[in-house]
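In what follows, chain A forms one complex with chain B and a second complex with chain C.
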Partner chain A sequence: MNSADFTVLLPLIVLGSTAVVVMLAIAFHRSHPLTATLTEIGLAVAFWSLWPAAAAVPRQVTPLLIVDRFALYYFGLILAATFAVVLMAYGYLERHDVRREEFYVLLVVAALGSLVLVASDHFVSFFLGLEILSVTLYALAAYLTDREIALEAGMKYLVLAAASAAFLLFGMALVYAETGTMEFPALAAQLAEGGAAHIWVLAGVAFMVTGFGFKLAVVPFHLWTPDVYQGAPAPVTAFIASVSKGAMFAILLRFFYQSGSRDLHASLLIFAIIAVASMIAGNLMALFQNNVKRILAYSSIAHLGYLLVAFEAGGPIGAAAGTFYLTAYMVTTLGAFGVIAALSSSGRDAEEIEDYRGLFWRRPVLAVVFTAMLFSLAGIPLTAGFLGKFYTVAAGASAAIWSLIFVLVVTSAIGLFYYLRVVVALYATEPAPDEAERPPLPAVPAMGGLTLAALTGVLIWLGVYPQVVLNAIRAAMSALF
Partner chain B sequence: MSLVWLIVIPLAAGVIAGLVARRSALAARWLSLLAMIAGFILSVRMWLEYYPHISLLSQQKWIAEIDVPWIAGFGIHFHLAMDGLSLLLVTLTFLLGIVSVMISWREIRDGIGFFHFNLLWVIAGIVAVFLAIDLFLFYFAWELMLIPMYFLIAIWGHERRVYAAVKFFLFTQLSGLLMLVAILTLYFAHHAATGVYTFDYPALIGTPLAPHVALLVMLGFFAAFAVKLPMFPLHTWLPDAHTEAPTAGSVVLAGLLLKTGAYGLLRFVLPLFPDAAHRFAPVATGLAIAGILYGALLAYGQTDLKRLVAYTSVSHLGFVLLGIFIGTPLAIAGAFVTIIAHGISTGTMFMMVGMVQERTHTRDMDRLGGLWQTVPKLSGAGLFFVLASIGLPGLGDFVGEFLVLLGTYRVNPRLAALATIGVLCSTFYGLKFVARAFHGTNRNNWKLPDLSAREIAIVGSMMVILLWIGLYPQPILNTFAPAAQSIEQILAGPPTASSTATPAPPAAPWHSLEPVRLSPPWTPPPRGAGIPARVPLSLPSGAGSRPERSGFGTARAPLPVRGAGSVSPSVSPSAPERLVSPWRSPSPLAADLSGGNR
Partner chain C sequence: MASLFYIAAIVAVLATILMLTRLNPVHALLYLTVSLLAVAVVFFTLGAPFMAALEVIVYAGAIMVLFVFVVMLLNLGKHTVDAERPLARPEAFTGPGILAAILLFEVVFVLARAQSRTFVLAQVGPREVGLSLYGPYLLGVELASILLLGALVGAYHVGSRRAQGRTGVVRSDRVRVAAGGDLVRAGDDRSSGPA
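And then the complex of A and B:
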């Protein structure tokens, strides 16, 4: 390995060192503000190191990792999202009587796993990154050990993630057994020579789809989502919803585009079915929820369905549309869970719709931020979600996948209904029936408030003037083709 | 730049009003009012500047235009443009905006800042819809105007406001998404034909589409506009939304939001898909007639005054739809006058109902009655607007509906006869309104305050405007004429490959159509043979002597078309069908018909 290799790997190296430094700092001096500050510095430096790395890409570092513009774009996304999660988590953890500092170590390691995931073009690094991410997430989901529901969420996530990882491994093994390679580009060459038709390859890809499907939480691999979303602390849910899914979508794009598996008719069909099932089931089930976290969980299932429509569209426009949608979705979910985190008290998270009744008349700014996030999820103009949906439909229309677009249109109209339920509650003028018994709203922590303001700013910027991000995404996607 | 101001003024004023309301509610109200007045003055000034030059300006398409790149990656431009059609609608928007702020002066007492923010933003959204001619920008504005409207209904509405607001939102959103898919299909079809990605409306006109694709894409647009219009049977959101909205919300809904649907049909559906619209015309006109009759019938059955007025909207907007899809110059002009007149008369009707409700706390006819004895001015004004609504000659609505009926009769007398029944029915519900609410004995022994000076000012100016439209509609027709002509020219325009399945050869880029469209290669028929292409539309007094080109109602009419017969002698040999039907490619039926006539 020479210096250029280290340069492109700088983000990973910095993040890995951050984990070590933070851990040592905790060992010597337990201080919540210090730990959080160190974490943020590490994340900021890792983000800054994207620029030196960008000068040296694309570069294959060992057979395991490739750092190209695609990876760098997702690096940036993951680092920025983790940065926001840390800011939210600080105020959230301050209200809880737990050992707070280790949270940040876990979070940094999870982010590191995500980085490895998006930079991998080899089965080994793929699995390695995935496991680093998953194992830390088990612990994060169950971080508030005094809550039974959090423990349940952690256990559920552990069992199902382990099972899906087994499927993924088995799928990789089958593909390897048939083609004799674990590198994505080499795999593409093998498949192009006619290996695609072989039953073991098909079976292997199908097993791998299970693994992908679980992490992305698409139907029928979605069963963990509502429970984990509800049980995990709000900042962790934000992390799972944004970073974990984002990294998984990145590797989905990379694997299926670069290994040529996307050209298999069978995998396109499978993903089309999954997309339709996710859009329909996610939106329909969200209709019947009264818990905001569960609503967002089912809505995330639907949104991953929309993302798969972009994936189905294929080509540069499909990949770019998917990436833009994901960017918008990450900003939006971070904002939405940020509001939940800001309103949560030590006893419980603010997760019932009733908790939000009339919020606008008491906390107008917070309510407006939440409204913006919900409208973005619903795909209303001025927000990033609108352009994301627009881009996705455009990608679908360019590929003429009309049936998927039709399902997208109809289900997103259904989706409006439950977003509006929350919005209606936010602006309700009559108080909740048990208003008097409710504890007063907690003060919004300064850091969390700033983060939310920044996220709202980004949301509107993406929705009104997306040119800068679009250019970056298009440049990044060129690495895949 | 003034176009941008028209949008920015209400947007900025909305934000400021929302912020200052915490300190002073009065300041927020005055600020909103001043912003609306500023917008109104601006648009009236543009009208006055433009009016003397109509005949010149009909050569060029837009009165004012602004075009800057926005999202270059998609070929999206921030492209606003104004012609006579949008100018009048924008003026109407600000007029009703002033009214909406004024009638909310006492009605709205909670959340004043947020109310005015929403009111001004919905006005800004509507203005943007009328001005945007980049299809992406149009869709953007189209969706954006819904949200403040949703809040207006959901927060300041009446008893079932949440239900009504959600229903309104779902209907319009779903249909809007269909339009989005249609816009994108058109966008990619245009790219396939020309290699250019653009959402620009002038460039997209004449995009070649296979007939079945054109029909589907047209239906995508039509769905969005028909829901807004609202067309029977997609109207069910309307009575709920109108009834539950606060008075200002009802005025904006009935006066403006419905008009965006009609505007969309005139601006986009007809010019972009002339052939598909032609084929769809029998269905659209049939549904229009159904809407006219059904709306009138249900209006008669209501006891809630607001619901009654809401159903009359369904009926009146049926005339607009009928006029647009009959497609002759007279019918289109009639549809346009109906749009303006209905905006004023129905907007004021909702206002009167709001005033009644404010005083009596009920809208139920069964509990009203005898209002004339205690509030004679209010009742008299109410009678005036009811008469306008049922189409009394001399008032605005009459002119519009009469022109539509006239245009329809030329093409298809049966449709005209059916539509006339709708006019007849309107007398019943109108008289029921007056008889049950204003006449009779004052059973409740109400002693109510009559119209205040503020209310007299609003109602009085609306009366004057309606009388003006009713007695001298020529300025409106003249202003609209150039826009109408460009629509007509596209309908009648030079035959293009768009009606055939084969895409145009790249050698003939569709951009080159623009000058062609503006000055068509065919010579207008001599005076007396058809409506001269450059002469502003005139009142129907002279129309009887002028045989008229028939619209696409012909495709359905089994009857010989009178106009067609007398036109054919003067037809230039190069384009016989064009004068018989303003539609570019005659369907087999229309061809048969014109052949039969000759």
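And then the complex of A and C:
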């Protein structure tokens, strides 16, 4: 490894050092503000190091990692989202009587795993990145150890993620046994020579789809989603919904585009079925929920289905549409869970629709922010979510996958209902019957409030003037083709 | 020699199935040990003696010792001796014993006919493993260390008593009482026990 290798790996190196520095700082002096500040500095420096790295890309560093413009775009997305999660988590953890500092070590390590994931073009780094992400998420989901529901969430995530990792690993083994390579580009060469038709390669890819599907929480691998979303602390849920899924979608794009597995007829068919099932099941099941976290969980299943439509469309247009959709979704979902985190008290998270009834009259700014996020999820114009859906439909139309677009449009219309149901509750005028007995809302922490304001700003900026981000995405996607 | 591989593989699968279906954790651990040993023999027949040794040392050795330590640290009193008596019946060792005997036979057979190993394509020794781990896969080693760091911090937090607060301590005491006061009875004896 020479200096250029280290330059492109700077974001990973900085983040790895941050984890160690924060851990040592905790060992010597336990202080919540200090730990959070160190974490934010580390994340900011890692974000800054994207620029020196950008001057040296694309570069293959050892057979394991490739840093190209595609990876750098997702690096930026993951680092920015983690930065926002830390800001939200600070105020949230202040209200809880737990040891708060370890949270940041785990979060940084999880972000590092996500970075490895988006930069890997080898089965070994793919699996290691995935495991770093998963193992830290088990602990993060169960972080509030005095809540039984959080422990249950952590346990469910552990068992199911371990099972899906076994599927993924077995799939990799089958592909390796048949093709003799674990590097994506070499795999593409093998498949192009006709190895694709071999039954073991197909079986291997099918097993890998299971692993991907679990992490993306698409039907039929979605069963953990509502329970984990509900049980995990709100900032952790925000992290799972944004960073974990974003990194997984990035590796999905890279693996299936670069290894040529996407060109297999079978994998396109599998993903089309998964996309349709996710869009329909996610939206229908969300209709029957009264818990806002569970509504968002089912809505995330549907949104991943929409993302797979962009994946199905294929080509640079599909990849760009998917990445834009994901960017918009990450901003939106961070904002939505940020509101939940800001309203949560020490005893429980604010997750029932009843908690939000008449919120506008008590906390007008938070209610407006939440409304903006829900509108974006529903795909109302002037928000990022609308443009995301627009580009996805456009990409689908260019690939003439009309049946998928039809399902997307119909299920989006169904989705409107449950988003608007929450919005209506926000602005309901009649006070709840036990208004006097309701506990006072916790004060919105300054950092969390600023983060939410910034996220709303980004949401509208993306919805009104997406050109800057779109150009960045197009430049990034050129690395895949 | 291919048949040796298949025999060891079948033993591994059988031992794993039996491990999963045992109701008593101690019996399950016996089968787990056999399963790990069988995987070691699989590595051996495939020409990776170093991996086989690691499998025995790390999994069948260290991890099993860890289980034993946990049982010791629980500091079970005299009454557990009575509770364990039914577990130590000879039948409990028959299954794992037979499977382990098959593996032993295989290893002896291979060692006795060391000259005629035609099934093995290439021997992968410690040198090759070390060169590839600290050559092209150096980053993989570093990432594995990060993985362990994350797992360690996570286990430390979730497992620590102080983080659980008072309620957690009380609850775990109640669980102990409900389970009959010792770990061993958490298995198939629990239904018939006086809990």
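Keep in mind that, in the parts below, the second predicted complex is superposed on the first by the 481 of 481 C-alpha atoms of A that agree within 3 Å, B and C clash if a C-alpha of one lies under 4 Å from a C-alpha of the other, contacts with A are read in each partner's own complex, and residues count from 1 in each chain.
In this section, a contact is a pair of C-beta atoms (placed from the backbone, for glycine too) under 8 Å apart; a residue touches a chain by one contact, two chains touch by 3 or more.
Keep in mind the model is a prediction, meaning the values are calculated, not measured.
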item: Chain B versus chain C as contact partner of A:420, first or second or both or neither; value: first
item: Touched partner set for A:382, first chain B, second chain C, both or neither; value: first
item: Of chain C and chain B, partner touching more chain A residues; value: C
item: Which of chain B and chain C A:273 touches, first, second, both or neither; value: neither
item: Chain B versus chain C as contact partner of A:365, first or second or both or neither; value: neither
item: Chain B versus chain C as contact partner of A:162, first or second or both or neither; value: neither
item: Partner chain(s) touched by A:471 [first = chain B, second = chain C, both, neither]; value: first
item: Residues of chain A contacting chain B in one complex and chain C in the other; value: none
item: Chain C residues within the chain A interface of the complex; value: 136-140, 142-144, 146-147, 149-151, 153-158, 160, 162-165, 167-168
item: Contact set on chain A toward chain C in their complex; value: 1, 16, 19-20, 23, 61-65, 97-99, 102, 105-106, 109-110, 112-113, 116, 124-125, 128-129, 131-132, 135-136, 138-140, 142-143, 145-146, 151, 154
item: For the chain B and chain A complex, residues of the former touching the latter; value: 70-74, 110-111, 114, 136, 139-141, 143-144, 146-147, 150-151, 154-155, 162, 165-166, 169-170, 173-174, 177-178, 180-181, 184-185, 187-188
item: For the chain A and chain B complex, residues of the former touching the latter; value: 360-361, 375, 380-382, 386, 390, 393-394, 397-398, 405-406, 409-410, 412-413, 416-417, 420, 424, 427, 429, 465-467, 470-471, 474
